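Structures follow.
Each of the next two complexes has subunit A plus one other chain: subunit B in the first, subunit C in the second.
What follows is the complex of A and B.
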């Protein structure tokens, strides 16, 4: 971690002196189990940069901000952040020309849960891409990066899938009823790129679809549609679940869609090419019919 | 027990008439429904048809909103893949709703309550059959209460 921090500072200092206007990285949070994003514009601030065990925040989403458009930005991206970055280019949301990226070989991070227990971050246990291998500069040792088997990826989804439908409904009813509709999951998502959201809250006071009533049907509506709007895009960076104040297992919804799309449409690796269409923007003539999963009727 | 008998006993026992909302594409399925009517085929009056310009006009929000506002089942009917009036619309419908149907099922909604089918303008018989089958299925399943908005009144 310390070597990563040192290198981050060195790279940031050099490039701020040369041509970049802004560096996006992480700095220490208020407590030692926290880390927050840092926006560095001056060379004397560079020492604020720090990568610690809790630097989970996905920085790629900041590139969408209007105030950062047309600036020369340097950004540090972990493996999962880089997946999101590629997805943003893929969906034509950012111009990569004036962005300098430095990859970080992520050793797997930690999180503090609601009971104050510190453990390995859940999302890191599923991570398949800890190293942004395509990048020129990668900070940190590749050997130190976290390694998971591909089977870890959708274990939670499969466990839930094997339950009976009524049980599943009870599970989700219990979890989603906690929702206070703060919309933090939507606001933090690096790939939620719409300026005006179809769903209510935040910047858009649009209650066509969801009103302010505390009503399970609306919680269900919000969470299923939010996840569906990320279908084919979500990179399982875990941001939404991380910020959820009532601990709804949102990645289980996202991952279900990811899992299905992988089975149904053999989604290839995410690339930076703009010509590659997302799975729900594309089609093939021999796609499976609704209700048929991977060629066999759904159990 | 034959299906018809089950359906009839259920219908009497529950005193339940399902409400089935069908989103029909203007060019095929709506014309198919028309044909079923002009050919004097019988199909249950439980089905309420909403005409849409193309099946890919349908947003998953429509489906959930129908369930919130009292539907017991939702049917999406479009042209057969390859026959879309707008060339590729229903291919997109197919991908979207394959994923969305899986998601609904995963989140605990019985998969039989939501159906996507392809009905062409000449398939009046298929439309009538689909409507009958789906209605019978819904009578078996009983009323859908999981997603209904508690403020909704008939």
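What follows is the complex of A and C.
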């Protein structure tokens, strides 16, 4: 961690002196079990930068902010953050030309729960891309990066799938009824890129598709539609679940859909290659149509 | 002071639940929050009452001011439009085991909702709610109630009952007629205790209140909350808000978990002939919070909305409410803001502006 921090500061200092206006990284939080996004514009501030066990926040989403759009930005991205970054490019949301990315070979991070217990972050236990290998500059040692087996990726999804439908519905009913609709899951998601959310809390209240009333139907509507909108995009960075104050296991919904898409469209890698579009950005005549009578079941 | 053996707690609560809708801290999915005792008792799940958790995830303000509350039904009948106010039905609420910071937050909510014009929706819940405070004899690292002169071991004003949670017993003191009534009505569950024990507990509480209020090393209590109020213009116009806004996600976590945030919206749930009007929480961090019908928005930028939240708590509220600050130092924002924006950081930054 200390080596990563040192290198972050060095890279930030050099590039602020040269051509960049803004560096987006992490700094120490209020407590030693916290870390927060840092926005550095002056060389005398670079020593604020710090990568610690809790630097979970996916910074890629900040690139969507209007105020940062015309700036020359340097940004630090862990493996999961970089996956999200690639999706933002695929969906034509950011212009990579004026963005300098530095990758971090991520050792796997930690989280502290409600009871004060510190453990390995759940999202890191599924991670298959801790190192943004395609990048020119990667800081941190590759051999120190977290290693998981491919089986770890969808273990939770498999457990969910093995539940009977009625039981699964009860499970989600119980979980979603705790929702307070703070919309932190949506707002922290680097790939919830809509300027105005048509579901709720957008810029025009009258257009909201869901009702603000605290009803299970509305909670269910919000979370299920958001999950469908993330189909083909979500990179399982785990932000949504991480920020949820009432611990709704949101990544399970997204990962279930990710898993289905991988089976249907035989595509698991997110690339920037122009010829490979996202599964839901591309139509082919021989696409599987499991929902249609006579349609092909999968790829 | 009367003592209740914790082994008898569940029986006591079961009997209380016949007369009241009892809510208490229950551990569910590794988190502790207030749930209906009766509902859990009737479910097949194992009930894990958690009186040791320093604080519930959500503030218990939702029992006085629900997340959403339908209060008016309307129906179109030919040319007639009928309105019916929804009555509050069911047993009165009893909130068992809230902390003194949350209890103190009720006093602040009272200032808002119970002064003229009285908010009847709040009033009817407030008047039928009994509160039982679990005294704190320690703090977690996110606690800073002493900054607002709150005594966590409890000053015995506001709630109906207060208890010490010590060894195998709960030690109750009544602080209202309602509280006295409960202690006498359910006297079979309580025992008297030796006067030495009572003295010991009281001394422990006093000592704890004093220790934390005089500890000058706590980084959360270094900057006085009156800072914004006293230097409002300079701080209002400073660039700290822009800096904080860089990372703010504009979600509602801080406002929705906060025990003193109380802004709401009124909406209709309407179909062709019938409908309901309800009010629900709203958050000043949401971009549409101040959006006008004609599309203009006086707080269009994130930094303006963020500044509003803290100015409301530490400047506008005290201006309106005889110098009361609208924060109780529960620390929920410190622990839950995904990007670590909290009121003590705002005070520290504001302190920097003043000393510049």
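Just so it is clear, the second predicted complex is superposed on the first by the 278 of 299 C-alpha atoms of A that agree within 3 Å, B and C clash if a C-alpha of one lies under 4 Å from a C-alpha of the other, contacts with A are read in each partner's own complex, and residues count from 1 in each chain.
In this section, a contact is a pair of C-beta atoms (placed from the backbone, for glycine too) under 8 Å apart; a residue touches a chain by one contact, two chains touch by 3 or more.
Since the structure is predicted, the reported quantities are computational estimates derived from the model, not experimental observations.
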item	value
Which of subunit B and subunit C A:188 touches, first, second, both or neither	second
Subunit B versus subunit C as contact partner of A:245, first or second or both or neither	second
Touched partner set for A:23, first subunit B, second subunit C, both or neither	neither
Partner chain in contact with A:213 - subunit B first, subunit C second, else both or neither	both
Touching partner for A:180 - first (subunit B), second (subunit C), both, neither	second
Touching partner for A:37 - first (subunit B), second (subunit C), both, neither	second
Contacts of A:105 with subunit B and subunit C, given as first, second, both or neither	neither
Touching partner for A:77 - first (subunit B), second (subunit C), both, neither	neither
Overlap of subunit C and subunit B interfaces on subunit A (superposed complexes)	213, 215
Parts of subunit A lying in touch with subunit C, wherever the complex brings them together	29-31, 34-37, 39, 57, 62, 67, 113-116, 178, 180-184, 186-188, 201-205, 211-215, 242-243, 245-247
Sites on subunit B touched by subunit A in the complex	60-61, 64-65, 67-68, 81-82, 88, 91-92, 94-111, 115-116, 146-151
For the subunit C and subunit A complex, residues of the former touching the latter	29-33, 53, 57-58, 66-68, 70, 140-142, 243, 246-247, 249-253, 255-257, 265, 267, 269, 278, 280, 282-283, 286-288, 291, 334, 336, 338-340, 342, 344-345
Contact footprint of subunit B on subunit A as seen in their complex	157, 160-161, 165-173, 198, 209, 213, 215-218, 220-221, 224-225, 227-228, 231, 253, 256-257, 260-261, 264-265, 279-285, 287-293, 298
